[in-house]
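One chain, chain A, links the two complexes that follow: it is found with chain B in the first and with chain C in the second.
Up next, the complex of A and B:
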């Protein structure tokens, strides 16, 4: 255990090119999946929260369940879709970072949409009457709701980031863990574990933790600054 | 206004980051291979030599032999490099490749705890060793994942005239790669069949050691096949063939032979000229 901690610090200190490459691929894939997930998930969740339509309860239940879909299942489904013999085979996305982004986006969208739905619904409980009285058009209403709940919504983005950066099931299957191409921090950890190099695996895990901590710190700072300015 | 500006900057930088990724596109092939070749470090040793010569980048997806062949069947790899002769010949007879070429070999070893409850240490006969393990009902860890090593292990049980299944209490199918299965064996102090390359590079050995080796039946042949362009038109025929030609050439074979871990050679080239 102790040697793992010192290994981790050494890895971080030297920041060798190989490790940096792996960190870069992880961040590139997960941040892209997070961006697409937010662009789609936040409006989608708000729409479900602010509108009444038949079968709404069912949609909410399905959306909430999708938050817990095993990443491996998403990986297998995306693999079969992207495989040369699959319907999207011509894209040639299997074993590339694009395929990995697609897989992780399938994880971030439902999570972000489900959390957004709850937050916007709570906001609606408070401000619904005012908004109805203002007779805003539906789109303007949703925009107003999202803007009002923006600080609470930052937690959905953090949750989406956590879901993407920490998962190994989907990126392993869709990416193939190819050295210097689709190897991420989590698949590298799985690889070192299977080589029996548990100390190095743990050290890589600590590096992953440090990266996540840093990302959260940055988002916290942004939120703090924004709250001072617009809060 | 300012906010919109920020958003624009963010989006453009993201776009730029993704184009950098695309600009790296060059001649490359995908090879589906086994965990033993990748995790032992063989590919890290030989691929740079090949890339320097030809400029072709080789992307290796390392899985069990069964899955590696499946990836080839779906057309998701250009070249398959595995170690299960029976399954490989089936792959060729199904028309997924026109030719199987033998490249190199190493051997399987029977690993077990130093305490050796079945008393098989120093033996040379794999069948006798397995019979003793069964007689003493000692824990045996099986890959159980249709890999080349798993197929070989099942053959040895057959040769020994024994039947094992997941319902046999001392026989444990892990359904995992060589490394994870070795981790399990190390934790349970059980017996396990492993290829020598993975064992030599495996670090979490605990109390395990090699007990039985040297039986000619433990021979482990690796073969390479180009996925048939007739089955899958998009297969990179020229680049894939270039890789196969090189690895079977004198230069490729010497590069394989020169790979050593702690002074020990892991793979022995035997491509026929």
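Up next, the complex of A and C:
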């Protein structure tokens, strides 16, 4: 085991090209999915929080339920949609990073939207009457609610990133774990461990941990600075 | 809805019912001039009255005639939470109001200067004192260019110095042609500021009464009793 760790650190020290390639694909896919997930999820969650419409409670229940859907289920559904006979087959996204982004976006949107809904609903309780009394336009109300809760919302983005970067089921099914093409850190760890190549698996695991820690640190720093500035 | 011929708002047989309980009845004309104080015991319906006039809550029966021009009031609630942003940004929010006139940066600076907050423009609004927050809310009301400004207990919980500053600003706004309608528990303040008084008791509004007349000859037994309890001079 010690030699595996030693070899893993050597891979990291030498900036192994194979390892870096896998890390790059992982980050590209997960950050793109996170970006799209945030662009869609935050306004969606905010709209549900600040607007009253028939069936709203049902939408909230469905959204909350989707947060916990197993990644392999999402992977299978996206696989079926993107397969040659599926409704999105013409896109030819199966076993490509585009397909993986789609799968991870489907995982991040409900999570970000559901957490955003809760945060914005709490913010609405505080500011709703004032923003209405100021006669703000409906979309402007949502804009200022998001702006007021922006530091709390950073947690939802972090949760979305953690969901995307750490999942293995959906990208494995949709991406196919193809070397130098669709292999991510998580799928590579699963594969290399099953093959007995522990150093690469360990090295990728350390990078994965470092990435998640770094993301947490950045969010913590932003919140800290912001709270000092804005109270 | 028929426009009223005079510069006044008319509440005709208005009734607001919540949870099968009547919380406000009003049959009253309120002239939109000078400073009008709304007084009455806690829970009598003073804030409800302001929210009704502002259009923030609906009434269940009656007619509301908001004056010759559609009333474009500004409402400053007793507790006005501010957005987690600078003082200037909290004022700039007004740019996103419906049917608002264009507001320049200079307009914002002027509004801040009018309430003595220009030097705090870039500071976080959440770090303002209670008095500064109320002044910011007044600046926001002024920036809305409303001819009618509704203030819900504008000086409650403020120290005497902040209260003085608020009263000066309120008088200045009235002097600039805005009609002010405010609620207050502070009868000394009502006497200092108001031209006329509306007394609300148990959800029922009295007629608008001249301030001096109100204090000398309270228009009802309830008003007399209220003054007696509040002031102990009758």
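The rule we apply is simple: the second predicted complex is superposed on the first by the 203 of 231 C-alpha atoms of A that agree within 3 Å, B and C clash if a C-alpha of one lies under 4 Å from a C-alpha of the other, contacts with A are read in each partner's own complex, and residues count from 1 in each chain.
The rule is simple: contacts are C-beta pairs under 8 Å (C-beta built on N, C-alpha and C of every residue); 3 or more make two chains touch, one makes a residue touch a chain.
These numbers were taken from a predicted model, which means no experiment stands behind them.
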Partners on chain A (chain B, chain C) - clash or fit: fit
Which of chain B and chain C A:5 touches, first, second, both or neither: neither
Which of chain B and chain C A:214 touches, first, second, both or neither: neither
First, second, both or neither for A:151, with chain B first and chain C second: second
Partner chain in contact with A:127 - chain B first, chain C second, else both or neither: second
First (chain B), second (chain C), both or neither touched by A:94: first
Partner chain(s) touched by A:195 [first = chain B, second = chain C, both, neither]: first
Partner chain in contact with A:143 - chain B first, chain C second, else both or neither: second
Chain C versus chain B - closest C-alpha approach in the superposed model, Å: 14
Footprint of chain C on chain A - complex, ascending: 126-127, 129-130, 132-137, 140, 143-144, 147-151, 229-231
Complex interface listing, chain B residues touching chain A: 14, 17-18, 21, 30, 35, 39, 43-44, 59-62, 74-76, 176-180, 182-183, 186, 201-205, 232, 234
Chain A-touching residues of chain C, taken from the complex the two chains share: 54, 56, 75, 77, 80-81, 83-86, 93-94, 96-99, 124, 126-127, 140, 144
Residue ranges of chain A touching chain B (in the complex, touch as defined): 28, 32, 35, 83-86, 89, 92, 94-95, 97, 176-179, 181, 191, 193-198
